[in-house]
Structures are given as structure tokens and as C-alpha cells.
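Here come two complexes built around chain A, the first alongside chain B, the second alongside chain C.
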Partner chain A sequence: MSSNTDLDNFVGLSALLTGFTAADLNPPLSPAPVAVEYLAYMQKPEAKVDPAILQRLLATYQAIAQLPPDQQAAQVQAQILTDPAMGPVARNIIRMWYLSIWYDGYASGPVTGFSSGTVVSSNAYTKGLAWDAMQAHPMGYSEMHYGYWADPPQPNDPADGNS
Partner chain B sequence: MMRLSLRTLGAVVVAALACAGVGCATAPPAPQAGATPSPAATPLTDTATAPAPPPGTLSPDIPHDANFDDNPQTLAAVQKDFDVFSWRSFVALNWPALPDGSPDPNKVIGADGDNRVVWDGYKEPYEVFLPGGAAPAPWGQQQLPEQCRNIGPGDAKLIQMTQKVSDSVLNARGSGGALDGSNQPFNTGPLVDQQNGRYVRYEIRINRDTFDYIVGNTLYNKEGQQAFTQMVNFPSGANTPGAPVGSIVIKAAWKVIDPAQGDQPGRFHKVQAYVYTRASNDPPTQPSCELKTMGLVGFHIAHKTASAPQWVWSTFEQVDNVRVGPNAPPGTRANFFDPNSKYPANTPPPRPWNPNAVLPPEQRSQVQRVIPIDEATAALNAQWQGWLRGVNKDSVWQYYELVSTQWPTQPKNSLTGPKAAGEPAPVFLANTTLETYIQGRTPNVSSSCIMCHNNATTTNSKFSDFTYLLERAQSTKGGGR
Partner chain C sequence: MTEQTNYDVVIVGAGIAGGLAAYKLAQAGKRVLVLDGGPGVPPNRGDYMEKFYLSMAKTPESPYPDNDQLKNSERAVVLDIGSWQQRPPTGYLIQNGPLPFSSSYERVGGGTTWHWMGTSLRHLPNDFHTQTTYGHGVDWPYGYDDLQDWYCRAEWEIGIAADVEHQQYHGLKFWNPDDPTRQQPYQYPMPEIVQAYQDKVIERRLGQITVEGQQVGVSPTPQARNSIPFDDRRVCAGNTNCIPICPIQAKYDASIHLGKAANAGAEFWFQTVVYSVSVDTATGLVSGVNYKKYQEPNGPATETGTVTGTVYIMAAHAIETPKILLNSATNELPNGVANSSDQVGRNLMDHPTQLSWALMPEPIWPFRGPLSTSGIESLRDGDFRTEHAPFRMEIGNEGWNWAMNDPWGSVNDLVAGGEFGATLRSTLNSLFTRQFRFGSLVEQMPLSTNRIVPSREYTDNLGIPRPEISYDLDPYTRAGYAAARRVAARLFAQMGATDFTSPNLGSSSLFFYEDQPYILNGAGHVMGTYRMGTDPKQFVCDADQRSHDHANLFLLGSGVFPSVGTANPTLTIAATTLKAVDNIIRTVLR
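Entry: the complex of A and B
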């Protein structure tokens, strides 16, 4: 499996796991693609992800991706999230995307807010999806203009019904 | 990479990123291990062998926007589109000017070696944001400070800033003015010439579209800004018939040229300029004005275009800034780097910072480029330098190089949302003469044109469309700022 295919599968799977689109997660012109950093981190020994499980996860998604789009999310639930080996990895991927942190000990029990983990990079720190979802920003880094707190948040997505 | 528990995350991040706004005066970053001089540019070609550029390439027409004809549109391909836009802009802005400031259609850039340039006719902020909030004089008139009158030609340039932010803004802060720290993004220290120990001077100029927007909306004083209820939105250039060129802001860095001190005048665009120092109490400084020959060492072009609501940010340098550039005669030395100096790299001079001082050699700036110019941009530089040399082997313009062009990869992001900056590429960009001490790769601390200017506001704290100039407006009711 080529690394580009791995990245494509990782981004596609991440889109189904997070609810953001693949283009949101890995913009084609991004000068600092955080998806690349996340996948690379998961492949490092310190992430403690069994390479065989990671490959099985990506291969399983690749097969799911061949199904009609409206069936894919349910199959991720049935084939990946309920799997005792792949499920914890997938849930940790969701946490990583939203919080920029790869949590330790994810395979041995529930991760809590007090679990230790690693902020994958300074770039990742600024790109946690939690901030996009709540239209806020991480401590110490903001692209929002002075006084933004006085205005109501904008709708994120018309599908949310709040546009 | 950081390793920490969630409980300690907040404290660490606050400590690391306490300077959320670029207005914080951060400690200058230590030179990074990877800091290297730029790779030497490809040797410039001789006039006789220089390939001619495609027709119309060397043109007095300022491009309104970049041209995108790539398929597929990759990051590298679009970066090149913007780099070409930068070079076209550089050539057009530095085109020989007629007395009224318009480009001379009968001349070519550098044909006479050096030339007066189009942007000389642009307005400086001190001409726009006047005491008492008065209306600016019409386009095309210059008003000199008293100390500069009757000592030289009336059409000489006036250069007064010793940092990228206006000295008058800094002085206002020191005297209890209303501007606060967040309004002073780069008060990180002056740059000192290796040849003569003098401070580099700066100027900012705005084009007519920018000036007309400010005047037309009375944004030149506080009361006008207060009454302006819309979002500030400067005109954008576009490649459509009848579209304006768009707002342009120039920032230029100048060093005193003195051949007796080892400068090579033929390698600089030069002007006769009044070097004006304002009176100050910190440190005690007398007002002064000297007529000097100044050489261009740094050049920013910020241009708002239809494809880049976050503006396009081009930055050029003279090729000898941090190392001796190509085709240099024997004895040429770098402007801001001495291989024998013991002064720490990328460190401001010791205080007090007196613009009239001439510093001894052991205290002069020792500048290294932290992020090298990338290979594709270096290759493009060699191409354009060759074309400029093809016009005249003695053209000063062949001795400038593009460092890079920063542009938004997500230009359609809402300017009122959480990703207003549009994910700029490259992520960081610094000119060694204009952001000397904030080079690096630390988010929200190291130099990034768009990320910095995304924080710019008017005097009543409203978003000011990526320019800090509007915060210089004064009140019509007196009391200065």
C-alpha cells in the first residue's frame, strides 16, 4: 500500500469519524497539512499503535469506501468502531483531530480529560477541530478579529439547521 | 513535539504562546540551529547571452492580480503564479517615472542603470494622518518637516522611520499616547549597517486606490472612523476589464550608501533623501535632518486582489544583505553580516536606541536568514535577474531577489470567522531587513505577513482590512491621538 494511498484512506476514514469533509481535513493547497503530521505520528513507535492494526484499519476503510456513500458511516460503525483492536485506535483518531493530542493508554481503557498525551505539533495545536466546531480558538492563538466575542457565531454548516 | 498531560497543557501553552497578538514585543528568537545564509543565487548571465523575456514581461503595467493557468493547481504551481506576480509588480513599481509619478512609456526599467521610480509618487502615512485629523493634501504634494527645508532639492525623498512601525507611533506611546502595546507589532529593534554603523531607515507608501479609499471615507481621522459603520474593505485589483489596480502598500528599507566605507553603489537602487530624526525623550534625541544617498535593501509589496482578500505579500531584498551576492566585485561585503563579527546573530543592538548614533563595528547587526529562499523561487529570481541584466548590464535592478510571496490558500474563508487568515502559504515569511528579529517558525510569534496584519484595527478597534495604517488617525478635537 503506497503512502499516498495510506494518507487518502486516513483522510477518508477521518472524515467519516469526525463529520468534517476530506477537503476540510486535508485542503489540497495546504502548506502545512496536519493530516500528514497525524498519520506520520501514528506510525512512530511512541504512538504505540501496532502497525498491523493500523494497516488493517486503513484497508478496512478502503473496502468501505467502495460502498455507496450513504452506507459508509454505518459500516465504519459496524466494522471498525465495534472491533476490539481497531475501535480504540479509531476513537483515539477522533480525539486527535478534535484536540490535537494523541492520548496514551487508549487501548487499555477509557481516555479521560486527565489522561496524558502528546500534542502532535505546534501546527496541530492551532488546528484542533474542537475550535472550528465551537467557533473559538486555542489559548494563545487566534485568527479571529478583535471584538469577535461581541458578535453571534456564524453558522458552520447549513445542514446544522442554524444558518 | 511536546509531551505533557492535559492538566499541564494550558500552563505550558500560555507560557509558550503568551504573545497572542503580534503586538507583543517578544524576546528576539535565538538563531535556530538550521539558520543558514541563503543559497547563492545562480550567477547572473551576461547581457550578450541573456535570453530575452517573453514580450510584455518587463512592463510598466502593475498587474491587478496573479494569473492562474495551472492544471492541476498544486501548491508549488500556485506559489509560482504568485511569485511571477511579485516580480511583475516589482518591475512595474520600479519603472522609470515621469515627473507626475506615472510610468514613462518611452523608457525601460534599468536602461539607464538606475531610475526614479513610480512608487516615489505614492503617499506616506505622515502625509495622510495629520495632526488635528486634518484632511490630507491632494495626491502629488509633499510637505517637508521644518528641519529638512532649504537644505536640498525639493523633490528629494523623506525617510524618517527607524523601525517598521512609525517613530511617531512609538513616541506617542512613550509620551502617554492612546496607542497600546498591541498596536506596535514590530518594535523589536533597529537594524544597523555593517559598513557604517548607521541605522537602517524605513518608509511606508500607499498607492492612489488606498489613498482615495481613506480620503473618500474620511478614515484619516478618529471621528471619521467612528462614523464609518461598515467593515473596512479596501478596493481589490482584478483581471477584469475596468477593474482597479487595487490597494497597494509599500514598505521599503534603506541604508546609507558610502563608497568610502566599502559600499558598491552600482548594486543598489539609490535616492537622495532627507534622513529625518524626530525629537525624543527616550533616549534624549535632538531632531535632525541630513541629506544622504540611500540604497534600497528591503522592499515589501502588499496588494489586495480579487484572488486574495487577505492580500498578496511580496518581499524583496538586495542580494548582498546576508551574504555577498553574485557577480560582486572584489572587496564587496555583506550589508548586515560580517563573518568575523562576534556579535550574536539576529540580536538587536544594545539600548539605548538612538537613531543618530553611529555604532562601533562590534555592535553592528549580524543577520542570518533563518528560512532559506526555496529553490523554485531562487530559480525564478535568476531568470528575472537575467532579463533585467539583459536590458543593461549595469542595471541596479538585477541585484534584487524575491524572498517569497505569501498568499491565502483558502481565500474564501470568512473574514469574520475562526479561520480569517485563509491558511497563508508559505506559513512564515520574513525579510531580513524588515522582520530581522522575528524570523522563525513559531506560530503567532515568528513573522507571517497575513497572520500579523489580520490583527490590524482602526482607532476604534474595528478590523481595518490588513493594514495598521488606520490606527495612526488623530482626532479633530485635539489631544493628539
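Entry: the complex of A and C
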């Protein structure tokens, strides 16, 4: 697995952090892969992510990925989320996947739904995972047809309601 | 100074009232000019959508130009409400309190219909004579039967989806407006919008229940959105985004009638800010409206001038219209124009909106479909109106989006609390799919001290005084707010839902009634301030919406409402506008 690219490691880590699969996060044939945008955004100066911490995060994940799948989440918790340097970055990655936002000041203070930040792109907005988690669609971006709202939605995940 | 003449009608404001008026007048062959302070309608809504997607706070104003991008046409925005006490003011409005006026509006072509919900209820028959029937509020100069035909015509102009059989409550009657015998049935132009799944769950869980002496029922809401193709516009795709912007214009907005008016020959001047009205003191007639034009959104005025016509129509909504009239004071008219009653700018009203939110015991899958498809109309009328204000309960279809800023709020709270991975996802699913809220729109009583005046201290980028507002809620309205909260809690209990409503005691919108705390929310309904009535000493305009003081000046919009009932105002704005303009065409300009 030493041939993993940064993107592979970012997507794999993101899957463990978000509860979605790597294929959900980076569909093989996606014309506008938001995973690429997110990783690129984190590497921009305005994201204020120390490149050394990002590399350590991806390397730590690569090691965790060698473990049996049922041990990986616990190791993400133990090695990454509780780490004073990597934990805040990892939590901001979760927020970014769910809400399409990179929050400022994530390392220094508490982040709330009213904190300042940047919507990474309009493409990212339409792919926020919060909307999938609620079995809906982004507000302002429906690909459904008239009247769909009269019936329960399809489950996106075995844990979802109506599954 | 330049002067433009020869218009039959000069209209100030290119929102739904000005747009409908311009269309009907131009269609009748009149030479019409419409002035609006903001930019015109963009060629497509893509730029507005992009700005919405990239906005951190998806407020009603978020798709449209920010105040610092458009200083010559600033307006009230909801993000300024929390800091209303600060001086110098952080926003466009100067708020004196004791409560903040909490509704916003747009100053762009098409006006506030860009971000209206589309809810198109009629006022109830009793809403037109609340003083006579209940001893509260102010009677209209006419009754429901006098407006019925105009409601029908407005519903066909705008395009309302509803079934008459579900709207016949509290004495509402419908008949074909072209039938003088009032016997022939009426049909809305489109079948009603399919109700959301959650509405059916709520109806089932409520079962038979009576509160405040009224049996509670869930009614499909008449809505200005397409259930079938109508007026060359598409069918609603359930974007759940009526506020702040419908991506596909399945929801009506006034840009429709601006286009129709232009096609019928009306002339439009955008980026033209009217700041005063001139009166010929010899005749008492309005002799012109005075404007400043600009080229750059934040630049200086590039032209100052006056336009003249035969008839003048103010349609700049219930804050800007009184601001302009009061800013027109002269030695001869020290109270301003149309203001011998001293009532211009007074009796500013909203529908203060009580939010109650809960978790349902089963998934109801909100955040799907239009933002609201049903409501509880049962408490809009009843004998209790002698004791407290009535209210309509909007059934929100966006979970805790308004109430708790979700999904942003809960995702951040859970992540900060250490949740991640599959647990985070399933917790969010369980939470978001069961979220529910009522938004109860309470009828606000008029208070003459609830007032907008042009500021003596603060001006806008063009040197025009900004609106300064004093605002409070009277005890009868507060009692209605408390009743709305009480009823919501009762209905949650009936449905087996867990009530999570909790007023933020640190909010600058906090108020009390009988020692209980409540948070004031605005409905976006700006009403009162130039009310109509027969007595020139008490009212600004007559039942034809003609100024009692100046025979060629007419006032449109929700500013003319003597009292405001519980219906969202836009449909009644449209109906009263069509009625007033028909009279202008038949008797004033014939």
C-alpha cells in the first residue's frame, strides 16, 4: 500500500471520519470529484493547515489502513482525534465533508454553526454529506421531480430510517 | 436637474404592486414609467444561485447583492437584527426599539417576492372587521365580499395552486368573479400542491383534538408555485429553497409582471432612487417625484431630476414609501406629503412568528419539497379573539433549519462533542429525519408609536435619510404569541413529539409576557404605515387607495392594510392593487 497517493489516503481517512464509504466520497467516474477540491483547498495557504501536520495525518491513516477493518475506527479515535495537532484538523475535515465549509479558527476555539469559514465551492455545496445523512437533497439543489415529497425517501445507508 | 414629462402614470417601486400596476396600466394603453432604486432583473438567476451556494449564512438576503456591494440601494437584512442596539448602527435600519423590527426586504427589480415563501392565503371575512366583532384592531373600509373577485383575479395573475374544497374554513366563500349572482363556482388556476409526507403523519398523530375552543385540522396551503406548467413556467421540483430563492422560478416572483409590463409598453428606470415627492400647493396635486440616478452601485449620483405625470403611484413597500413621503416635508407641508393625518409611517406591523420545535417519535423526512405545504388554520379565527391575537401555524418542511440553523448547527455540535464515523452519520440521520417545527404567525395590533421616520442623523450613500424605526408588541399581540406557544406545546404532546423549544435568554430579541420569556421573530411581512380608511383624520388614503390629501396620488402595497389578519400579505397586496388600479383606469385616467 506504499503506492497510496495523498488523495487515496485523504479519501480513506475521510471515509472513517464521516461514516461514508470511499466510493461514496470519491465515485470512480465523477466528473467533478469534490475530494480533489477538498484536499487541494487544505493545501492552500488560506486554509492555514500546517503541511507537516497534514502529511502526518495522511501517514497515520496509511498505517491504520493496514489494520483489520473492525479496528480502524478505534485507532482513528486513539491516534488522530485525540492528538492535539491532528485532532482539530480531522474534525474540520468532517465538517468540510458534511457542510462543504472549511471553518476558520478550527484549531484555536470552538466551532459552531455560526462560525466564520469558507464554502469551498458551489460544486462542493451540492455534495455536502449532511443532505445525504438526512435522506434529502441540498436546499436549492433538487434533482427530483414534482411530488417526490409525498412519499418516504429511499434509504442511503443500512442505518437510515425506512431501510 | 432634468425634467421628464408626459407620463400618464409614474410608479415608484418595481415589486409586485408596482409590477402588477404597470402591467395593467400599460395594457390599458397608458404611458407608464416605473422607477426603482435597485438594479434590474438579471438575465438569468445563475449569479444569484452561485452567491447563495457560496454564502456561509443562507439568509433570505443571501443570493442578492450585499449592502456593501450596493450601497446606493441598501436594505434591511436579518443578520443585522442581533446588533440592533449598537450605535453607530451596523445595518441600514436605525432601530430605537424597545424591540427590533425583525423583517427584511429587497430593493432590486422584482422586490421582496424574490424571497417570499409563496403562501397565498386570503384574509378571513372576520379579519375585515375585527374592531366591530372582537373589539380589537381596526376595521377595513370594505369587507371580504368586496375583495373576493379581486382575490380570484390576483390568484390567476400570480398563479396559485389550491383546491377550493380545502379552503372553505372560517366563513371563506369562493365564487366566479365574472358572475354577478355569486352562484357559479370558482377554481384556482392550478390543482393544490401535493402535501409533504410529514403533513400526513402530523394529521394522523393529531387525530381529533380541540384547543382554544377550535377543532384543529391540517389544511393544504394555497401556494404561488406551479403544480402544473403555468404561464410558461416550470413545475415545482421541491428544491426546499423558496426562501431565499427558487432555482427554477416554479415559484412566482414579480419579475414575471415586470416583463409583462415592459412587453405592454411600460418604461423602467432602474438604479433610480426616489427621495421625495413635490406638491403644487395651489392645486394640492402632486407635481413630480424627485430622484437620484447612479451608474456604479457604490458610486455617486450621476443625475438628479424630477419626473412628472398625471397620476402618481407609490409602491415602494411599507418602510421606503413612508420614508419618501415624510422626507418630502416643506414649509407648506411641514408633516410631509399625504400626511395631514400625521399617520404616515405609524402603525408599522409584522406577523411576529413564534417558533416551536420538536423531535417526532418516527421519521417524517423533512427538508424535502417546498418549504411548507400545509398549515393549521384553525386558530386564525374564533371567540378567543376578544382575549388574544389569532395566529396561523405554518407547518415547516425544513426541520430545525430556521429554529436551530440546521444542518449546520447539529453537525457542528456533534463533531465538537467528539462524534465521528458511522455513529455520527446514524445520529444525524435519526435527528434530521425527525425534526419538526411550527411557525405561528400572530396578528399584530397597530400601535401609533410603532413608527418609521426618516433619520435626522443617518443618511445613505446618496445622502438620503435612512429609515429610523420604533417598534414594540402590545399586550394583546403578546397574549397571542403566548397562546401560540401554549398550543404548539399541546399539539407536540398530542403527537408524542419531544418539545425542544427553548428561548435564548441572551438574545436581543427577547421579550416577556406574564413573566414567561419569548423570542421575537419576523415573518418578512412589512405592513401598515399608510393605512386606508374613510376618515381623513385617521387614515392616509381612502378605500380606493387614493391619498386623502392629494387627488392624483395613490398608495399600493401592504402599507394600506388597516389591520393585518393572519394571512401572508402578498396575495392581498396583489388583490388590493388590482382593485385600486382598475378604479384608476376606469375613473381617474379615462
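The rule is short, and it goes like this: the second predicted complex is superposed on the first by the 155 of 163 C-alpha atoms of A that agree within 3 Å, B and C clash if a C-alpha of one lies under 4 Å from a C-alpha of the other, contacts with A are read in each partner's own complex, and residues count from 1 in each chain.
The rule is simple: a residue touches a chain if its C-beta (ideal position, glycine included) is under 8 Å from a C-beta of that chain, and two chains touch if they have at least 3 such contacts.
All figures in this text were calculated on a predicted structure; none of them were measured in a lab.
Chemist: By the touch definition at the top of the document, which applies to A:A150: first (chain B), second (chain C), both, or neither?
Modeler: second
Chemist: Between chain B (first) and chain C (second), which does A:A32 come into contact with in this model arrangement: first, second, both, or neither?
Modeler: Once the two structures are laid over each other on A, A:A32 reaches chain B alone.
Chemist: Compare chain B and chain C by how many residues of chain A each one touches, and report the one with more.
Modeler: Of chain B and chain C, more residues of chain A lie in contact with C.
Chemist: Quick check for you: in the superposed arrangement, does A:L67 touch first (chain B), second (chain C), both or neither?
Modeler: Neither: A:L67 stays clear of chain B and chain C.
Chemist: Looking at A:L16, would you say it contacts chain B, chain C, both, or neither? Reply first, second, both or neither.
Modeler: second
Chemist: Based on the superposed arrangement, let me know which partner A:A85 touches: chain B (first), chain C (second), both, or neither?
Modeler: Neither chain B nor chain C is touched by A:A85.
Chemist: After superposition on the shared chain, which partner residues are touched by A:V76: those of chain B (first), chain C (second), both, or neither?
Modeler: So A:V76 only meets chain C here.
Chemist: Could you pull out which residues of chain A sit against chain B in one structure and against chain C in the other?
Modeler: Dual-contact residues (chain A): 101, 113-119, 121-122, 125-126, 131, 135-137, 139-142, 144-148, 151.
Chemist: Hey, which residues of chain A end up touching chain B in the complex?
Modeler: Per the touch definition, chain A meets chain B at residues 27-32, 101, 113-123, 125-126, 131-132, 135-148, 151, 154.
Chemist: Note which residues of chain A are touching chain C in the complex, please.
Modeler: The contact residues of chain A facing chain C are 16-20, 73, 76-77, 81, 90-91, 94-95, 98-99, 101, 110-119, 121-122, 125-126, 128-131, 133-137, 139-142, 144-153, 157, 159-162.
Chemist: List the residues on chain C that touch chain A in their complex, please.
Modeler: 49-50, 52-58, 194-197, 200, 227, 235-241, 245, 247, 363, 365-370, 373, 397-399, 401, 405-413, 415-416, 418, 420-426, 428-430, 432-433
Chemist: If we count contacts the way the header does, which residues on chain B are in touch with chain A in the complex?
Modeler: Its residues touching chain A are 1-7, 9-10, 13-14, 16-20, 73-75, 78, 409-410, 414-421, 423-427, 442-444, 451, 454-455, 457, 461-463.
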